[in-house]
Amino acid sequence: MTVNAAVKWLKRNLFSSWWNGALTLLVLYIVWSAIPPFLDWAIVHAVWSGEGREACLGPGKGACWPFIFANLDQFAYGRYPAELRWRVDLAFLLGLAGLVPMLIPRVPAKLWNLGYLVVAWPMIAIVLIAGDRPGLVGVDTDLWGGLLVTLIVAITGIVASFPLGILLALGRRSEMPVIRTLSIVFIEFWRGVPLVTVLFMASVMLPLFLPQGVHLDNLLRCLVGVALFSSAYMAEVVRGGLQAVPRGQYEAARALGLSYWQTMGLIVLPQALRSVIPGIVNTFIGLFKDTTLVLIVGLFDFLGQVRIQLSDMHWSTPQGAATGYVFAALVYWVFCFGMSRYSVFMEKRLNAGQIR
Amino acid sequence: MRWSWTDPRMRALVWQVAALAATLVTLWYFAAMAHQNLARQHIATGFGFLDNTAGFGVVQTLIPYSEESSYGRAFLVGLCNTLLVAALGTVFAVMLGFVVGVARLSTNWLIARLATVYVETLRNIPLLLQLFFWYFAILQPLPGPRDSLTLLPGIFLSNRGIVMPAVETTPSTAAFVLCLLTAIAAAIFIGRWAKARKLRTGESFPTLIVNAVIIIGLPGLVWLIASAAFALAPPVMGKFNFEGGWRVLPEFLALLLGLTLYTAAFIAEIVRAGIQSVGRGQTEAAHALGLSSGQTLRLVTVPQALRVIVPPLTSQILNLIKNSSLAVAIGYPDLVSVFAGTVLNQTGQAIEVIAITMAVYLIISLAISFAMNLYNARVAIVGR
Amino acid sequence: MARRSSLASRIFPFVFGLVVGAGVLYFFLPGPPQGGKVQTAQQPGAKPQPGQQGPAQPAGSTLAEVRARGYIQCGVSTGLPGFSNPDDKGNWTGIDVDFCRAVAAAVFGDASKVKYRPLNAKDRFTALQSGEVDLLSRNTTWTMSRDTSLGFDFAGVIYYDGQGFLVKKASGITSAAQLNGATICTQTGTTTELNLADYFRGQNMSYKVLPFEKNEEALSAYDNGRCDAYTTDASGLHAQRLILKTPDDHIVLPEVISKEPLGPLVRQGDPQWEDIVRWTLFALIDAEELGVTSANVDQQMTSASPEVRRLLGTEGKFGEPLGLSNGWAADALRAVGNYGEMFERNVGTKTPLGIPRGLNALWRNGGVMYAPPIR
């Protein structure tokens, strides 16, 4: 009976025609020639313990996992002093404490929660991580690295671009021609150039535009570049949400005698922003992946830190490089895939709400 | 018009003047600051440096270039390299993206799953990491030229890239090309005629077969009668590497591979959404009319799906072009690497170089948007 | 019950406001002086410097800025053994690093008041132009265009170098003249890239150049066989050969194809700061000539030689015009020793690099190291 069902399933889904059958066999062949060798490399013939490159050198050896285990701390914090790393952990735990209730639609007090995440928490995090305040030991940004820098760049990008993006989106839909034109030019400029050139501009050109005696360090310069860049993309996402708000809402608000800012702040934006949550999450995914580009201008983000450890003579082996990249890919994938699932979940929820 | 803050027109005017003034003041401030800084540090300004001798070599040049060429020439070399990788990347990514997108909707369970895994994996890993993987973990550890892997007879893969025989012209090349062009023109003409006749009389004409015979046969005849229209010049092993032949740099290969695979994953999603946007009724109606699955896809689904596909596809193509600037990280001599990298460094004129680089990408972006908008206008629903 | 909750609800906003207010206030408090910070180099709190007379420093001068900040920002390489190289604890060593320390000692009397900023070949000039570093001491070749149109001033030459090639022994190449048709890896944004072009053009040979952003990338590409040769300054070749997978499989070719006078540089337009850097370098070289070392500098204070006395500040007021104390050179010497000591400690024959003095010997010993006198 079950065998019969299985055969039926196979016939319907894999061998419905000779053409489909041939394709199935081809795919099976591809899978067969890719998966077992990979597993062999990653698990069976991999090196799981050892000290230094000698453990991973030699013919027939697969992935070099001890390299990852030995460098996990560097991957996470870079050269941030070990005895102060608890501050970084604390900062991100506090962020998580604000983020989790924000992401669960049922938890109330979203406005307060947003305020905490966008205003209060960044200040707390800056104090904790930079420590440049009385009573704490400061840590220079050169020492920051790894996932810490990746998260800082991505989060700063999204937090800073949020208000800027909303303003630009409103500007682009404004009825005032000058403001509309300025917004369009700003948005299209940043969207039209590659992030690499924006980062080059921030790190090479920005200093020439500052008055004498004012120095921004490299991380700060890159953050300025990333914030401007992502605000243009955020503006387009928010604009999509604004367009989705029915005209009747604007007209009704006007009819009630609300001013422009009241209309936007109380009626339009709450609806628009709710509908673009998936878009914002997707922008964040893109930004999270794009943070890797900061290594081109000499910052050590997660990927940059992996590369640094790879060039460390103590561990440098051909298999080490592949292992490092596969590990980095896995980490990025977990972050991005997780977020994209959340975005799909929110999209479904929103659509369900619309139908009802 | 009386001055009053309650008058919306007045308020709008004030806002606009204020915004314009703020923008101009900011720009003026930055310009003045830059001018002052440059003057204080005695940094050269102006675009005169473009005529100076570059003095450095570039590993891949599509236009004649030597160390004696100017910085301006080096800029063009970089631009050509960028355009080459962007153009090839776009073509391959769109092709692969369509295939994967259709595969995701396949009734074949295995193929649909494989396509999903492909999309979800590549989409969620940073492109730069993928480039590093292809370049540093796959292509660089390949054996040297002497122990090259043979991909096909005469085509070798090593850590110096791919080398293949060069195709050279012979005396009969001109005649061959002429015949080919004539055959293509004839084929187009026949195709039009056949379509017109079908609309008029309903009679089918075996266009495909006839055209295939013309396009292959006519130039083939020249090949047989005269002599081979092209000759292959295989690469020979020199002291260090293969000499002669056509070669593809590993940097180029890694960049093309990375850009294609990454962008194709996004295009696949767009294609899938586009196809799904076409109502089920359309497909059912097509089947009811007796069209086969292939015909349904080609004649009914895809033309309608294109309307949904083209706008987001445009932005993916723009992304691909912009992402080609990641070349700088793996040493492929694109515009950013050659111009915003080496030239900027030799001349130190950051503002001019970055401004030119950004302007080029903006112009390319605008040109592509414009072209795709034209195309979109053609495929969009007319009237209603 | 109701009363209590209403009391609580009245107190809560007050307490909440207080906490938020205190937090915001704390956020905008100024940071502690730089002394308490964890930086690339640790340093104790700044002390006011005795004997700081000299000419008034114009506002915005580099020296005034450096004094106010409490340390010198020194641009170094991202890692070149013997020149500037961090160990695994982040302590920097090398001849370029020692020079940074010497300048810090001359300015502050304390060689640890330096912060090192590792820079790529590509980023180094921007960093100096933008004021991110006060001094670039990063194996940088003195060329005319860098001195004129890039807006810099070179303070002198700390190491006379020349460009060479590294090849695999197995390739059988023994001379650069056999490199016709080779693919060569190098770092982008260096004079190396230009010299390479000049050399092959001059010899009428063809080549392919593969420039990388980072030295490590260029070297690893060469190590992986992507290139047939790797080129950089000869000193760098010796240093970098050591970090290849199997150093003994590679040799440095005998040819030196260029002149590479490496030296520290500063921004144009601040002659006082330029003089400080220039004369610190000269003082280190003069000290070797006069036989003053880090070990004997305190005894030499009482030396009879007027030249030594002028150098160490016991005679004349040579620090004043620089805006420094008169013991500036003595402070520098105490911290890093004279030029010869710096050389031997970092790159000399007793180090793994094992580079003989050669051109970098004093002029009296057949080299070209020659510093103007202090008088």
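Letters A, B and C name the chains as they come in the text, with residue numbers starting at 1 for each one.
Simple rule for what comes next: a contact is a pair of C-beta atoms (placed from the backbone, for glycine too) under 8 Å apart; a residue touches a chain by one contact, two chains touch by 3 or more.
As the structure is a computational prediction, the values presented were derived from the model and not from experiment.
Located most centrally within the structure is A, per distance between chain CA means and the overall CA mean. Distance from chain C peaks, on a Cα-centroid basis, for B. Summarising the inter-chain contacts, the pair of chains with the most C-beta pairs in contact is A-B.
Chain centres here are Cα means. That of chain A falls 36 Å from that of chain C. Computed from the mean C-alpha positions, the centre of chain B lies at a distance of 43 Å from the centre of chain C.
Chain B has its Cα centroid 26 Å from the Cα centroid of chain A.
Among the residues of chain B, those in touch with two or more other chains are 38, 40, 136, 141, 328-329, 350.
Contact with two or more other chains is made by residues 126, 129, 213, 220 of chain C. For chain A, the set of residues touching two or more other chains reads 204, 208, 210, 212, 296. Considering their complex, residues 20, 23-24, 26-27, 29, 31-32, 36-40, 60, 65, 90, 115, 117-120, 123, 126, 129-132, 213, 216, 220, 243, 245 of chain C touch chain A. The residues of chain B lying in touch with chain A in their complex are 12, 15-17, 19-20, 23, 30, 33-34, 36-38, 40, 107-111, 114, 120-121, 123-130, 132-133, 136-137, 141, 318, 322-326, 328-329, 336, 340, 344, 350-351, 354, 357-358, 361-362, 365-366.
Residue ranges on chain C touching chain B, taken from their complex, read 121-122, 125-126, 129, 145, 148-151, 171, 178, 180-183, 188-189, 193-194, 196-198, 200-201, 207-213, 217, 220-221, 224-226, 228, 267-269. Contact residues on chain A toward chain C in their complex (touch as defined above): 79, 81, 84, 120, 123-124, 126-127, 132-134, 137-140, 142-143, 203-204, 206-208, 210, 212-213, 215, 217-218, 296-298, 311, 313, 316.
Of all the residues in chain A, the ones that touch chain B in their complex are 13-14, 16, 20, 23-24, 27-28, 30-31, 175-179, 182, 189, 191-197, 200-201, 204-205, 208-212, 285, 289-293, 295-296, 303, 307, 318, 321-322, 325-326, 328-329, 332-333, 336-337, 340.
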